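Please find the structures below.
Paired with subunit B in one complex and with subunit C in the other, subunit A is shared by the two complexes that follow.
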Partner chain A sequence: MARASILRRTIATPLILSALLLGFALIAWASGSRPFNQTVIDIFLQVILVVGLYTFIGNSGVISFGHIAFACLGGYVAAWTTIKPMMKGIAMPGLPDWLMQMEIPYWAAALAGGAFAAFWALVFGAVLMRLSGIAASIATFAMLAMVNAIYSNWSSVTAATSSVVGIPIVRSIWPYLIAAILAVFVAWAFSVSRFGLALRAAREEPTAAAASGVNIPRVRLIAFVISGAIMGAGGALYAHSIGIVTPDTFYLGLTFTTLSMLVVGGMGSLSGAVLGVLILSSLIQVLRWLEAGVQVGTGTFALPGGVQEIALGAVMILILMFRPAGIMGNSELTGRRARAEKPGEPGHA
Partner chain B sequence: MQVVFDALSLGSLYALGALGIALIFGVMRLVNFAHGDVIAFCVFALLWPSVDAVAIVFAGNLPWFLLIPFTLAVGAGLSVLSEALVFRRFRRANPATMMIASFALGFVIRYFLLMLFSSRPKSISLLPGLSQPVEILGARIPLLQVITILVTLAVLVGLTAFLRRTRFGLEMRAAAENFTMARMLGVRANRVIMGAFALSGALAGAIALILGSQTGTANIMMGASVMLMAFIATVIGGMGSLAGAVIAGFALGAVATVMQVVLPPDARAFRDAFVYGAVILVLIFRPQGLLAARGTKERV
Partner chain C sequence: MNDLRADQVSVAFAGLKALSRVDLAVAPGRIVGLIGPNGAGKTTLVNVLTGFQAATEGAVLMEGQSLAGLKPHEVRRRGIARTFQGGRLFRDLTVIDNLEVTGVGLGQSRAASIAEAEAMLDWIGIAHLAGRIAGALPYTDERRVAIGRALIGRPRFLLLDEPAAGMSAQEAADLSALIRRIAGEMGCGVLLIEHNVGLVLGLCDHIVVLDSGAVIETGPPEVIRASEKVRHAYMGSAADIDLPVLEVEA
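Moving on to the complex of A and B:
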């Protein structure tokens, strides 16, 4: 009974967010412009990645700097499984034979990427989830550096630091839209599930939660694996959107962008994760446009390169200063007025 | 012999970095991700802004007795500035928030450098006299390595003396132990924190000089790898414990160097991956670090 009511009370959030994403997709589809199409695809990819981050960070309260490593794993799975065997033989001669011959459609590659990343999340997580607080954050950073070091040096399988080209590019926005909506629903389902609720309890009051029988490392591990799977699938789709992968695509830069989106939107809120992406992506887009140069009167006005990241960093610091919980704080978009804030009623998932 | 010196000089670098991070963590529980970018900034402060591949050396042409104080001052200045502008507002925030803020600040500094200098690595020759080899105990060691080790030892001795003998050092240690209590007893919080940032920045400047003359290149990413190892050293050493940070720094340097020698050639490229793996293992068995600092244990 309680289960059904919690579902009913919170289902509005993923529905509203999906509608929002669908709206973006429709605008892109209606405008029919190629660059805009690509922008919207980028936004959907960021949504997948940031929602993946949220699934772990938002629910557990442990900051992870390492999740982009899972996107890296997923991205390379896409490269291993979808590039034409002939090209693979040249770029990555060290692949085992069965992988060398494999050529699967992009959606299967995304699933495989997710599964591969989830597997490694399970392996790393079994070790890392016993840590907490700052030690855990730094250990995830070490994990990111480790994955990056391996993928940047294992030339026979990952072509080292040179880019792997020839991944079939998917230009239609619909697969990305579906994946983003799926990610939102998975994240929502997790956070209202028994494990999600236990994990949130552990985030707020670790001692009380542990005393009430929550096995904190275990629920954290579950969140870590699910978010790893989302990141892996997101990474694979990322590879399909641009057609190439390099280890440095999935390193500090992407970590920084996705983390800042989550922080700006609000770490503890799924709506915050999605809104953070939409807001910061728009900002990035405007800055990129300014960096490329704008015709003002007779001359062109262009910002020097790098301003984009600087502005992003500044926005992030300002938000942290004045609204440390992010734009959404801990609340969600529910389609109802914020009457739910009254004491006694459990917060929305 | 060569191996010992390699290990010591790499360890010195990590130890200096770890010290810079541990100092700040000790007084305000801030994990300063911007530290690596302060290092890069110090190197670039010696150059004139340009996007050419060949660096236009500017302050780098100063004679060494001016060059060294200049770099240290740049590091200290930038570090104090970041405290005054950014971290002061986060005094009461929780450590996770501060950590993300410093991560963002580091990115701002890095891309500021990118804007002025472009992302291409530049070659510079800094203190070229130091690359000549010297003969010690039958091994040919670059003079720079010897100096690195000596400088680190000098810094450690100096810092210990400073922390143990001077009033300011005493205040800093008191603040690291129990910040609220120290304030109640009349330690000025802002001064102590400023001091910690200045010291940490100066240490970043020292690392910048060593790295710059060692590698002969300036790269906006150059601080990142040292910083990561330095972080790991602070965590392994026990957050906030200065002695632990130094020991762990040297230990990491030793492990990395030994792995370089012991690992089969095929696996050598993955040295760093092995080091990170070893670190994760250490953390599992001793999550508080080797020497846990007092007062960092979470209380219920």
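Moving on to the complex of A and C:
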């Protein structure tokens, strides 16, 4: 009864977020514009990655600079398992024979990418989750640098810094929508689980959480593995959206973008993670259009190049000045007029 | 043998002795007071008993078994619960979630932990607070929620670190009644660390007095009241001062 009650009281959040994502998909589908379609696919990929980040950072309060490493692991799994064997033989001759011959559908590659990333999250996390605060953050960054260095140098298996091409491109918007919605539901399910509750308690008062019986490294590790899996699957789909991967596709640029979206949306909120992506991505898109030039009457209005980055930075500073905890803070969209609840709260008020 | 026992416990920080050969025992269903002036080492002893601080020498035993090397969450799972000075509630969570954390920390499902949390809030008499955000509670309610959180899973021993700090006389009396119920109805052994000496003298079966990390007196309340050493530790002289006793309904 009690469990059903938690689910019933909090299910509105993933449903509202899914409806928002579906709205974006329907607009892209109705517009029939291929560039716009690709933009919305990018947005859905960012949603997957930022929700993956939220699953760990939001619940644990530990800032991770390393999660994009899991997207990298997933992205290369997509390359290893979906590129035609002949092309793999040329670009990555060191792959074992069974992997060289493997050619699986994109969705299976996404699952495999998630599983591979989850395995490595378990290995790294077993050590990293004993750390806290800035030490943990720096260690996650070291993990990102390590993965990047390995993938940039292991030329027979990853083609080093060369682009790995030939990954089958998936242009339909629907698989990305489904994956983004799945990521939202996985993140929500973790958040309302007993591990999610214990981890949020440890985020606020680690000493009191330990005195309440919470094994903090263990619950952090569970979150790390689940978020690693989401990031890995996201990375694989990312590879399928552009058909090409390099180690630098999944490095500092993507780390900065995804973390910014989470911070702007509100680190402690699943709704914030999704809204952060939707708001910042929409803004980036508008600025891109303005930079490319918009027809106004007989002339063309265009912003000078580079305004996109400057405006984006200014908007982020403004949002954080007025809402330091991000747009959503620790609250969730619940569809009710009353105070928004966090997922996991039974809300007995 | 069925008690919680500190046996000749010493703790040193960089050569400075915070505790020196301290003996203390709490039996199930009994209330033991731990008093002493500021800096006497009371909280350090609680930290040692709950796995937050390793003893430099000596041993902590529960029911005859050593707790050496156990982490705080493992000590809690053995049945030793504690509260903290200042409450340390999970301020962004609701009151019932605060209690639930202990349930899930002890390995219960969320459903089971909610059921126990609701029953505990009811037992303490604060069921009406269940949905309130913990960070917005008045001070007294915060303390009661902290005690409720510690009582989830029916611990064998409960260590209360200054639960009456900042309370009025009436609130302290209500707290005393609750502590009596915890010992009497739950059979839980309680170690009460408190600056309110009157409350301790009125409530405890046995009292240990610490000063500068060492036990200077131990015994029932009447022995503590009569002790020159205790007066000296508190007042800095052997002045003839009556230690107050808070009357508590049994």
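The criterion applied here is as follows: the second predicted complex is superposed on the first by the 323 of 349 C-alpha atoms of A that agree within 3 Å, B and C clash if a C-alpha of one lies under 4 Å from a C-alpha of the other, contacts with A are read in each partner's own complex, and residues count from 1 in each chain.
One rule holds in what follows: contacts are C-beta pairs under 8 Å (C-beta built on N, C-alpha and C of every residue); 3 or more make two chains touch, one makes a residue touch a chain.
Just so it is clear, the structure is predicted and the values come from calculations on it, not from any experiment.
Residue contacts after overlaying the shared chain place A:L128 against subunit B, while subunit C stays out of touching range. Looking at the superposition, the partner that touches the larger set of subunit A residues, subunit B or subunit C, turns out to be B. In the superposed model, A:R200 lies in contact with subunit C only, and not with subunit B. Contacts of A:I169 after superposition: neither subunit B nor subunit C is touched. Contact with subunit C, but none with subunit B, is seen for A:N215 once the two complexes are overlaid on the shared chain. Within subunit A, the residues touching subunit B in one complex and subunit C in the other are 207.
For subunit C in complex with subunit A, the touching residues are 50, 52, 71-73, 76-77, 81-82, 84, 88-94, 96-98, 100-102, 104-111, 113-115, 130-132, 149-150, 152-153. The touching residues of subunit A, when paired with subunit C in their complex, are 1-3, 5-6, 192-195, 197-198, 200-201, 204-205, 207-216, 268, 330, 342, 344-349. Interface of subunit B with subunit A (complex): residues 31, 86, 89-90, 93, 95-97, 99-101, 103-105, 107-108, 110-112, 114-115, 224, 228, 231-232, 235, 239, 269-270, 272-273, 276-277, 279-281, 283-284, 287, 289, 298, 300.
By the touch criterion given at the top, residues 61, 63, 65, 127-128, 130-131, 133-135, 137-139, 141-143, 145-146, 149-150, 153-154, 207, 252, 256, 259-260, 263, 304-310, 312-314, 316-317, 320-321, 324 of subunit A touch subunit B in their complex.
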